[in-house]
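One chain, subunit A, appears in both complexes that follow, with subunit B as partner in the first and subunit C in the second.
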Partner chain A sequence: MDNNHFPEAGQLIQSGKPVHFEGPLSTVPLLQKCFTPSDGFVEDSGALYDNMSIKQYLSFFAGLSGSKQQLDSAVEQMHLADILKKKISKCSDGEKVRLRIAREISKGAEDFFLVNPIAFADEESKKIILGWMETFYEKNGRLATLSVSHRDTCICPGGHYEILEEGIRCIDQPEVTDENPDLPVISKISVSYNEKTFLFNPEEIDYVEANDGKVYVYVRQEQYLGSYKMSELEEKLTKFGFFRCHRSYIVNMQKVTELVKWTRNSYSLRLIGYGKTDVPLSKGKIQELRGMYEF
Partner chain B sequence: MNGKIIRTLFKKDLKSCLTNKTILLSVLIPVFFCLLYRFLFSGLGEGLEDFVLNACAVFAISIVPTSILPVMIAEEKEKYTLRSLMLARVSGGEFLFSKIAVCLLLTLADAAAVYFLSAGRPEDFLMYTAIILLSSAGLCFLGAIAGLTAKDQASAGTISAPLTLLAMLPPLFAGFNDTIGKIAVIFPTTSYQTLFTSASSDSSLTSGRNLAALAVCAVWIIGGAVLFNLFYRKKGVDC
Partner chain C sequence: MKKFCTLLKKDLWTFCTHKVICAITLIPPFLAVIFRLVIDDPDLVLLTCGLFNMVLSSVYLHPLLIADEKARGTLPLLFRSGVDENLFIGAKAAASVIQDIITAMVIFLISGASLSLLPGYLLFNLLIMATLLPCGLITAVFAKEENDTHVLSTPVMCIFYIPPVFAAWTSIFNAASLFLPTGAVGLILPALSREYGYREVSLMQALALCLIWFAAGIFVLYIIYRKRRCFFISSDR
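Let's turn to the complex of A and B:
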């Protein structure tokens, strides 16, 4: 992707609501250009002094920027009060991201750009960070994130966009479908893997993901490339107990074990055999799901 | 340059040095050799203390600026902490000033430890400190350039090893023959030996040899600063 697409990214970031991009890390410098040096930049790795405690690290940066009055607020927003004395080398990946965000808050930043903000397993940190992101609906500040993972992008509350070679595509936008009433009724789903074609019964499928212009079908933790469009699969699979939980995801409800509420606007589903892998659930779909399954 | 930022950086850099085992070990090398020489050569009698002090002070002047300073700079690059400092509006000049100041302080502390372990005369200590500062300042610029060149701590170690030897060996081998003696004169570590030997024997610092030694220190400081400035402007801190 070249620089010419970034005015578009800049406009999205200026729009007022949090914006989440899915794309390669090579786009970080280009997205950074939409921000000024005084804005908060939260990198996805490094940049921490391992031998310092959380408190020492935050005080050090607050000392550099001369804005110590923001320090308490940063600690409160990132829920760090209980671990202030913890050595950074002993922090989990999630705590490290919270610390980096707190560092930028303590510098007095109002606008933020985060790279891979929830690419870790620590659930508590994920919840805190997603909750903080949601506050940007009511704040004046701008928030943009870049995630390599499609799943992480979709879980973040706000607008979701994919950075492609040809430009920026809205992930939340309804897809264009070719209506074809003459399609044969089938009960097998064809997928491919290593140039081989497999046919699965719908019940075997765990969930379906649309990413990067392709449709991926997950069966017993294996990823296969699907041959159908999402809308076609949704039509075929609904009668087998599947639910279109997100623009990019169709999930087999028989396999769902947990509904995770991250924030008011951010939910996900967990499936048998997929550990803590989250399948995003759109806010708009939650009522529909409640109606269907009466919970 | 902002004094408050430099003070904050200085505190952090000093604390980080004192908690870094590798750096502490390097700082302790001159002290270790001082104790070792005193133990090994304890039977040599008079003149031992002067020999030990001369050798170990040269170790302190050589090791800290040319091997510890590059590692300190490279570590910040390697761990991407330098980038976060730059984003916190720390300038390259402030970053390097703090590192050089910590390096000079460590050199002085190292040299002071060696001085008292070698039973140096308390009345000469101030002069000794001044000469140590004068002769190590030029080497700090060389160490800073090595730090800017290095991508990570490992490469900093590779770059700094010959620099340390270059600073350390000439005064130690100056007495072997005339040629080495003449070459050794152009190094600030030799200048330290010349100046301190004169000062401790109450000779005038304005003698020909001493003026030449002072000039060598001045050339290293000015040349180092110019070279460092050119290098820094061209390459920056490379974050």
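Let's turn to the complex of A and C:
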């Protein structure tokens, strides 16, 4: 990994807006260098005393940093008041992440760096954490996150970037497309899987995702590698009831069952057969969707 | 001071709540009960179980406390929370000493030995703890997690414990115990000297031996620190 584009990451973090990176965990030490040791760092695993209760754990770290005044605020921000006496070993993954964030708040940190902050299934915790991230628009503090999952990166409110070998790419920017000659009307979409080529009717497709420079087509909960660019697929599939809900996602609106609102600026869509898998919905696309479906 | 007390309180609480550490801490008193029932010789109970407790606390439990933090991934977190290595090591050492003294008193009461031996016995405990804590720290530096501690500490424990206990029975162990700080157990158990033929040890001899071992431990730690610039890699920034 070339270190040259980490000053660029540092500039993005300094911009004041929450920034969310998609990248491998090996980039954590490099991104950490954009923060000082006194800033909040929330790891994605470990660093917990399982035999302690949540209250004991927070009091311990508040005692170490000498700032017990922040403890109540931390508990309130992470909604931990009801589970203060719960043993950490019995907490869900989402509660543990909230506890780690509360720990950093109770230490008096104003700037935060989180690793995989919403990589768990617990919806309530996701909502609390995303709501807390939203508050950074009004606060002076800096917030940066690193997620391994493209989906999780896109759901977080703020700027979205992908860390690649060659540099940092903004996921939010519109794709630069070549001028296309008129494409023939095709009602089959070709995809590949295990060196085999499949042709699907558009109605069979659940959603399309762009990630790591590739396009993936999801059909009946199976993932296939698409042969087209996102813009091409958007053009082909719109007339079949598909909607480009995000820079990286096109969904079949026939398969959408739920619009999930996490915060004022963070939404996602849920599809039939995909359980709690969230397809991010951009802030800019919400109005468009409202206009189309009158809700 | 406040940070030290916070860390110390947490470490003492770990002795009570961490299943493995708690179980190991209770082994010497448990053995003392067994020995008292079987042998009913206070001095022999103090020799076997009391000495076992001293060696266990300094060479086994002390590094286990540190390895537990490594295994949980809490070391980097503690260092980010304003705890430096000296404070961390100091708190762990203090917790080990307190645990040792409490367990030592329990063993003393179980043994039924004469109360006149208690001050000397506790002072000897402190002396051995101080001498062997650097040894325990060396183990902690190299152990990545708890299993490593079990593997590294057990032979060290055997070296410091077995020769003094069996010194009266074999000449090899008798000779070996001359060079070990725990071999000075005859200092506090003169009754053993008379009955079991342990060599008598003067206070100066015992102190000199402990000082040599302590200095050796500190020297090794100094070499490690010079090479690594820290004791625990995660604290290096």
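Here is the rule we use: the second predicted complex is superposed on the first by the 295 of 295 C-alpha atoms of A that agree within 3 Å, B and C clash if a C-alpha of one lies under 4 Å from a C-alpha of the other, contacts with A are read in each partner's own complex, and residues count from 1 in each chain.
Simple rule for what comes next: a contact is a pair of C-beta atoms (placed from the backbone, for glycine too) under 8 Å apart; a residue touches a chain by one contact, two chains touch by 3 or more.
These numbers come from a predicted model, not from an experiment.
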| item | value |
| --- | --- |
| When subunit B and subunit C are modelled together on subunit A, clash or fit | clash |
| Partner chain(s) touched by A:Gly291 [first = subunit B, second = subunit C, both, neither] | neither |
| Partner chain(s) touched by A:Lys107 [first = subunit B, second = subunit C, both, neither] | both |
| Partner chain in contact with A:Gly213 - subunit B first, subunit C second, else both or neither | neither |
| Overlap of the subunit B and subunit C footprints on subunit A, listed as residue numbers | 37-38, 41, 43, 45-51, 60-61, 63-66, 107 |
| Residue ranges of subunit B in contact with subunit A within the complex | 4-5, 8-9, 12, 16, 19-20, 79-81, 83-85, 87-90 |
| Touching residues (chain side subunit A, partner subunit C) in the complex | 37-38, 41, 43, 45-51, 60-61, 63-66, 107 |
| Residues on subunit C engaged by subunit A in the complex (per definition of touch) | 2-3, 6-7, 10, 14, 17-18, 72-74, 76-78, 80-83, 237 |
| Of all residues in subunit A, those that touch subunit B in their complex | 37-38, 41, 43, 45-51, 60-61, 63-66, 103, 107 |
